[in-house]
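Look for chain A in each of the two complexes below; its partner is chain B in the first and chain C in the second.
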Partner chain A sequence: MIAKKLRGRVARPIPSNAGIGLRARHYLDILSAPPAVGWFEAHSENYFAEGGLPLYYLERIRSDYPLSLHGVGLSLGSTDSLNIAHLRKLKSLIERFEPGLVSEHLSWGSVSERYFNDLLPLPYTEEALTHVICRIMQVQDFLSRQILIENVSSYLQYRQSTIPEWEFLAEISARSGCGILLDVNNIHVSAVNHRFDPLAYLHAIPAGAVQEIHLAGFDNSGECLIDTHATAVCDDVWTLYGHALAHVGNVPTLIEWDTDIPALPVLLEEARKADALLQEVRRERSA
Partner chain B sequence: MSQLAALQRAFQTHILHANDAIQQAITGTPLAPATERLGIYSTAYRLRLLEALQTDYTALHAALGDEDFEQLCFAFIAAFPSTYPNLRWFGANMDAYLKATPPYLDIPVLAELASFEWAKGLTFDAADEDRLTIQDMAAIPGADWGRMTFQTHPSVQRLDFFSNAPLIWKAVAAAADPPQPSYTEEPLSWIIWRQNLSVYFRSLDKDEAWAIDSLLHGVNFAEICTGLCEWVDELHASQHAAGLLKGWLESGMIRSVHFKT
Partner chain C sequence: MSALRDLQQDFMTAVFSAKKAALARHLVGTASERAWRIDIYRNNAVSNLSSALESAYPVIVKLVGAEFFRYAAQEYISRYPSVSGDLHVFGEAFGAFLAPFPPAAQLPYLPDVARLEWLCHKAYFAADHAPFALDRLKQVAPEHYGRLQFRLNPACALFESAFPVDRIWQVNQDHHTGDQALDLSSGAATVVVKREMYRVAVNALPRSEWCGLHALSTGHTFATACDVALQIDPDLDPGAALRRWVEEAILVDFSISA
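So, the complex of A and B:
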């Protein structure tokens, strides 16, 4: 019921082209020479303060660009109670900035109110599925809007898992009414780490549920690929992104770069690459 | 306990206490056995919290050097597991930890540096509120001045330090050689505030520190004038208080005025 009510209720739409993650080191560059980029995505928790410089810059940038809010702290998969104070802050931020999209992760990060401040993978079991669906619906009820859920990179799998991650994600979307934020880099990283076919993952995702795509870079630790967001998007991920667009169509695509953040033009160049692929899909679909 | 809750608790025990019971629940491969895979998460946990502390405590970091700072942070992380979904608040107990924990408690400048840096952070993103101006004050009839009490701007913080911690911070921020730690018999008073989105700090003379502290405790202007007689003669006390108030108003430290009999 709630799922039907919430689907598609967004205040200011994010355009179907490339955006970049908003980072403090780029504030002044963005304001002094507003770049030709479709939209920005801000990490919600970075703007939970009650005032000061970060909110000032977010206001300025929000007045010129569509904005999405991407959270890392809700710990949706935890068996702890939802942190209502955190949720209230998110709601207040949403009311102030009217983001086109609001997203969180398919992960957990706390036990007994001790936080790992990480996006830990869930076991893909019926119990976890029911739990996460219930939590997402609670959050959507509280926020009175749909949220998107992002697939995370993972470095381990649990023996108790009985459902492939892609089925788990698709089922969550179908039963909670949440949208999907498809992180193509995370699919690649997890596919290498767990030896599954990334295309099988992609094709199991309901195309209509995907409202945003993330692209980022990773590092190789030797044992595993690590989702560091510290490098450019690699060729394999660009190829997989092409497949993703062929499957889901034109979807707003974010370039994420959170560590060793480069100068703004480097991010804009990555965004231009994504835009070129989005443009290609647009042409093919209109032909 | 549900299977999911039990698994999450076992994962927590592994990350916080290096307990390996969770290993049997993890699928390993010859290239990346379960221990290596779990290790990625437990290492990342500590490094992520370390990075948060490095961001919050740049001068403390500079004062200790990389190796000692890391040692301090890992001990702090073990003593204070994160209870915040937002890393912004993780370092909140650093000054208390330094005051209470050997060998740091024997070097008081470290806790004072941490107090100063944390307070600056609180000022940086304190709530945006209106500020009282000199023009607002001009509209208040003279007969009401004695009853005035003030609310300070949320960014205002009052601190007392025995050490030269703020000067060490200032040097580190300017990428200059910091002065050697030094201490005074009596603490020196400091105020930190934000104006036009920038964070400022300065030391306070004893009379101004007393007046600000009184103001923060809701003491009215007449009582502040009387109290200032400890430092200036009675004839000039009101004028002196008005001068201090003008300075606070010009610096944007005052949020609002109220009236108390």
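So, the complex of A and C:
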């Protein structure tokens, strides 16, 4: 019992294989028959509570698996001052669960203290670049650790943008010291929506900065692709993922499925597909 | 004001006030294209907030139906901004919003059911507590009993209503299999919301006990709580009631007032 407790307190690195997003409907399945999956990723805000069942389950799952924490509500790119209450909760969650990775989004989600509870795109300007770099450095300083920043899907473009998103992301990482969480599905969605070459995006990303990859499903509204996380990963995204692995090497890869969540085996099958591609890259690189 | 802040303010106006012109002038594309692109973000924000309300208020959803709930949620979202990146704290004022909401006037108990559901929602996420220090309580000399003050379990709440909200809540639980009968004219309810083994329950308490507990929960001494409870029910055994409250973990700690 003590050994188990101690093990849970040591930060366990996220292995370079597939993990899945932790959702409440799978808690019991995971605990009753721990699946062969490399790691779990939890949305930080789902565990901001002071107590209760979600924290109980996270504690138990954390004692058996490496964990990464993924924030959706920090509103990093907002021009409001940083929400310190939010950061404090994140920090105490990090102290309690010792996650292998902590990530946030290259987006904003609040202004004048009103929250959209959504991941909104930033204009890619010099002003926004300086602002976001400064904010990431503040957050890393507050948390005393590096964070990863994820590219988001977008459904609109600003006229004032002067920097391609891929350059913006690369520059942020170079100047703030943050890592990159490369969401391959988001690259695909935005590439289709805004008609750019996803491979050009991919190859502009500094390979050494990428510490995690996200894969998910999207929906087609007829007018554009929407990043819903409500379906399986599509063939185009698997292909792009193959290119991503060729560029960045073996990187922990997360299967995200957050809406219309299927039974656990469906997610494990997606993870198995990612693991097969990861293994191929491992073989090629060691050959 | 910075260009970035300007744009973010315009985004807020477009999403929450449906005035798209200011944001549209920042965007690439034809006029109609810019309009539907903004609508995607408007729909996303409203649907995220609406889902958060739905998961905090499952009984209200059952009582009014999904369509009416979505309409009420939209109105609530436009009047009560979300002030946190954590969606679990959104929706606190839904009961207060429903009270003067004309379309809900036919269901006078609705605001209280919503208030009760919010207490359940809070109890679900509330802090865990250490077991009651019964041994320490046994060491208190009898002459100090009157000065005892107790702490309510952080995952407990007391609620009273002119309507039988406990029954309404119970018969609308997914796992409820018992009697479905519900007499809306059965009058007032005094209830305790309590998390047991991580599951939230709503139970009626006799009015005398409820008032005694309420006195304790607002910092009054055990002596005052006994006075309050005995005025309502002179036959109540306060010692036995206290034991029940401790056994059921409604009270989790105590101190002796100076």
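What we mean here is this: the second predicted complex is superposed on the first by the 276 of 287 C-alpha atoms of A that agree within 3 Å, B and C clash if a C-alpha of one lies under 4 Å from a C-alpha of the other, contacts with A are read in each partner's own complex, and residues count from 1 in each chain.
Keep in mind that, in the parts below, a contact is a pair of C-beta atoms (placed from the backbone, for glycine too) under 8 Å apart; a residue touches a chain by one contact, two chains touch by 3 or more.
Quick caveat: nothing in here was measured; it's all calculated off a predicted structure.
Student: Have a look at where A:Arg159 lands relative to chain B and chain C in the superposition and call it first, second, both or neither.
Tutor: Both chain B and chain C are touched by A:Arg159.
Student: Let me test your reading of the model: by the given contact rule, A:Glu113 touches which partner, first (chain B), second (chain C), both or neither?
Tutor: Both chain B and chain C are touched by A:Glu113.
Student: Taking the superposition on A as described, I'd like to know which of chain B and chain C A:Cys224 touches: first, second, both or neither.
Tutor: A:Cys224 sits against chain B and chain C alike.
Student: Is A:Ile149 touching anything from chain B or chain C once the two structures are fitted on A? First, second, both or neither.
Tutor: Neither partner.
Student: Could you tell me if A:Ala216 is touching chain B, chain C, both of them or neither one (first, second, both, neither)?
Tutor: After superposition on chain A, A:Ala216 lies in contact with neither partner.
Student: Between chain B and chain C, whom does A:Glu50 touch in the aligned arrangement: first, second, both, or neither?
Tutor: both
Student: Looking at the overlay, what does A:Leu240 touch: chain B (first), chain C (second), both, or neither?
Tutor: neither
Student: After overlaying the two complexes on chain A, where does the chain B footprint on chain A coincide with the chain C footprint?
Tutor: Comparing the two interfaces on chain A, one with chain B and one with chain C, the shared residues are 45, 48-54, 56, 73-75, 78-79, 83, 86, 108-118, 120, 122-123, 125, 127-128, 131, 155-160, 221, 223-224, 226.
Student: What does chain A use to touch chain C in their complex?
Tutor: 45-46, 48-54, 56, 71-75, 78-79, 83, 86, 89, 108-118, 120, 122-123, 125, 127-128, 131, 155-160, 221, 223-224, 226
Student: Spell out the residues on chain A that touch chain B in their complex, using ranges where they run on.
Tutor: 45, 48-56, 73-75, 78-79, 83, 86, 108-118, 120, 122-123, 125, 127-128, 131, 155-160, 193, 195, 221, 223-224, 226
Student: Using the touch definition from the top, list the residues of chain B that touch chain A in their complex.
Tutor: 2-5, 7-9, 11-12, 15-16, 24-27, 29, 31-32, 34, 36-38, 40-41, 44-45, 48-49, 52, 81-88, 90, 124-129, 154-155, 194, 197
Student: What residues of chain C sit close enough to touch chain A in their complex?
Tutor: 2-5, 7-9, 11-12, 15-16, 26-29, 34, 36-38, 40-41, 44-45, 48-49, 52, 81-88, 90, 124-128, 154-155, 195, 198
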